[in-house]
Amino acid sequence: MRFFAPAAWPAMPDFEPSHPPLLSARGLAFARNDQPVFGPLDFSVDAGEALLVQGDNGAGKTTLLRVLAGLLRADSGEVSIDGRIATAALRSHAVSYMGHLPALKSDLTALENLDFLCGLHGRRRGQLPGNAMAIVGLAGYEDTLVRQLSAGQKRRLSLARLWLAPSPLWLLDEPYANLDLDGINLVNRMVQAHLRDGGAALLTTHGAYAAPPVRTRMLALERAVASA
Amino acid sequence: MNPIVRWFHQLGSPPYFERFAARWAPIAYGIGLLVMAYGLYGALFVVPADYQQGDSFRILYIHVPSAWMSMAVFGLMAVYAAIALVWRIKLCEILAMACAPIGAAFTLITLATGSIWGKPMWGTWWDWDPRLTTELILLFLYLGVIGLYNAIDDRRNAARAAGLLAIVGVALLPVIHYSVTWWNSLHQGQTIRLFGQSHMDPSMLPPLWAMVIGTHVWFVGSLLARARADNLRRESGKDWVARLAEPRT
Amino acid sequence: MMWTAARALMARDLRLLWRRRGDALQPALFALLVVVLFALALGGEAQALAKVAAAVLWLAVLLAGLLALDTLFRGDADDGSLEQWMLAPVPLSWLVLVRTFMHWATTALPLLVATPFLAELLHLPHDELPVLLASLALGTPLLSLLGAVVAALTVGMRRSGILVALLALPLYVPILVFAAGSVAAAAQGLDPTGALLLLGAGLVLALVLAPLAAAAAIRIALD
């Protein structure tokens, strides 16, 4: 693969000077029950860039992210990753998705959850669950059951999982939800560090109140209107 | 492009299908009814009484075509479902789901007529005969498909989930039939076969073929009518449907 | 990668089972309840019970399994874990197979262990017990695999209860027939091997095909 990737990304070796965008979408559209949800959209995200998807509730931000992640199939248009058509296999290595649901088992401890998710998705070289938890400010909570964590702490644990994932492209759905000011700064710092390492991030938010202080572009989604 | 292929593509367009179904459903119903009337007339009045079973065997002329239809419709439903799942064609989803209630009705008729036939013949309303038992399980499969289709809100996902169930069902149906036949053979005393002798005198066949053809044509009419209704329901927000509902000036 | 993921999933499920070890006994308890109810309804007389013992035991196991089916995917669907499985670099069908295996091991194996005790309650003739256990050993994984397809089809739904039973029943018929039938054949002095081999063949087929169907169903359900 020709990702712009230093040794932090295990599956992607060589750095090529001129390369296609990490993620690009052409003519992407999605409809549910024949009601258009979004589209057609054209945009791209380069390595080292963040794309902020803005829109009101119901504008289709979550649906867009799920289409990009591969959980939903677009009605038209195509998604390319690093210049190649996005297949499930390509996405599984290149994309990490953090959605509304935390994907954490409440009967397991924080560390056990991270161990499982690393076993499932793989782990970034040089990173361990322990230090990822420290980065997100959950040091000392390794053996706490997830059931006993607050909503904000669960969100931080999800961020720790994201940090451990070996994928260059992050798709974050409302990452600032449930977080205090400290948490919002954490998300921004993490996105910054990730972009510095050559990754890219796509975030959704319904307000402009929080945005990563990096090279960020905006994509505004308006609620689509049904037509004949 | 080949005209047949082009016609298939056209058929997938909802307004075109609406016109096609509106035109052909009544025709199919009409022809089906006529052929079935001819068959029933032959079955009731022309064909001589069976030397063993007397007149009560005549219900075979409804029972056998219904049984064949119940199986054939299930197979057709699975084919439509497979096309819908692989190529995501909306019309095939509609057609697959429209098959289910019709097939279920044929299965019910098969079971009811089988039961009615059994009473004068073998003295019992129900028998765990392998064929009747398989028909009963087939009915459950149909009800399951219908139930699953109605239980999911999103129409397309509902059709695809129910379609997957239909495909699994069609793959298992021979296994079910074989297992029930084997099970039936295990238990002593099961020497009575509900169908009697397996060969019919040639003079008894023409009304049977008429009934078979009649039910097939009737099925086409019923399928088109149901598919038309489902098509309109799915497209109900669109302009072309609203225009249809307007009174003609 | 696939073995790493499988090990991680198995470790996770074992840990989850340990955290809720009380729940693990529920299928076995339910089977016991069914056996008691049948015995009470049939009059408790040893000879009458012995005649139907194998069938009742199989029904108890089948019904307990049907109830347990709800826990196969629901927990993971509710907290978003299933989504992450879909995005993992290993095939979803592989994860489904491992999960179904763990579910079988944690719900059906205790039932298998309890069967000799339950058989005593129903006065099952002792020479039928080995065939019964063999049919259960082959049949319960089949029930789990086919049940996984049904559970996957209904994973998004609330209140799917009776619908799951309706969907599963036709698929379970061949398994029940061959399994209970094998014991009935043995009781009649016939050779049960044929029926058991058919179950085995079905199991091998289901091991390959059922996870694929279930994975497809999960993708449809979470769409």
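Going in written order, the chains are labelled A, B and C, and every chain counts its residues from 1.
Here, contacts are C-beta pairs under 8 Å (C-beta built on N, C-alpha and C of every residue); 3 or more make two chains touch, one makes a residue touch a chain.
Worth saying up front: this structure is predicted, and the values here are computed from it rather than measured.
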| item | value |
| --- | --- |
| Chain separated most widely from chain A, comparing mean CA positions | B |
| Chain pair showing more contacts of the two, B-C and A-B | B-C |
| Rounded Å distance between chain A and chain C, as computed from the means of their C-alpha atoms | 38 |
| Rounded Å distance between chain B and chain C, as computed from the means of their C-alpha atoms | 32 |
| Chain A and chain B: spacing of chain centres that average the CA atoms, whole Å | 49 |
| Multi-partner residues of chain B (at least 2 other chains) | 154 |
| Shared interface positions of chain C, touching two or more other chains | 223 |
| Numbers and ranges of chain A residues touching at least 2 other chains | none |
| Chain A contact footprint on chain B (complex, rising order) | 154-156, 234-235, 237-240 |
| Chain B-touching residues of chain C, taken from the complex the two chains share | 149, 153-154, 156-157, 160, 163, 166-167, 169-171, 173-174, 177-178, 181, 184-185, 188, 190, 195, 202, 213, 216-217, 220-221, 223 |
| In the complex, chain A residues that touch chain B | 32-35, 226, 228 |
| Residues on chain B engaged by chain C in the complex (per definition of touch) | 85, 137-138, 140-141, 143-144, 147-148, 151-152, 154, 157, 160-161, 164-165, 168-169, 172, 175-176, 178-180, 182-183, 186-187 |
| List of chain A residues in touch with chain C within their complex | 69-73, 89, 91-93, 95-97, 99-108, 112, 115-122 |
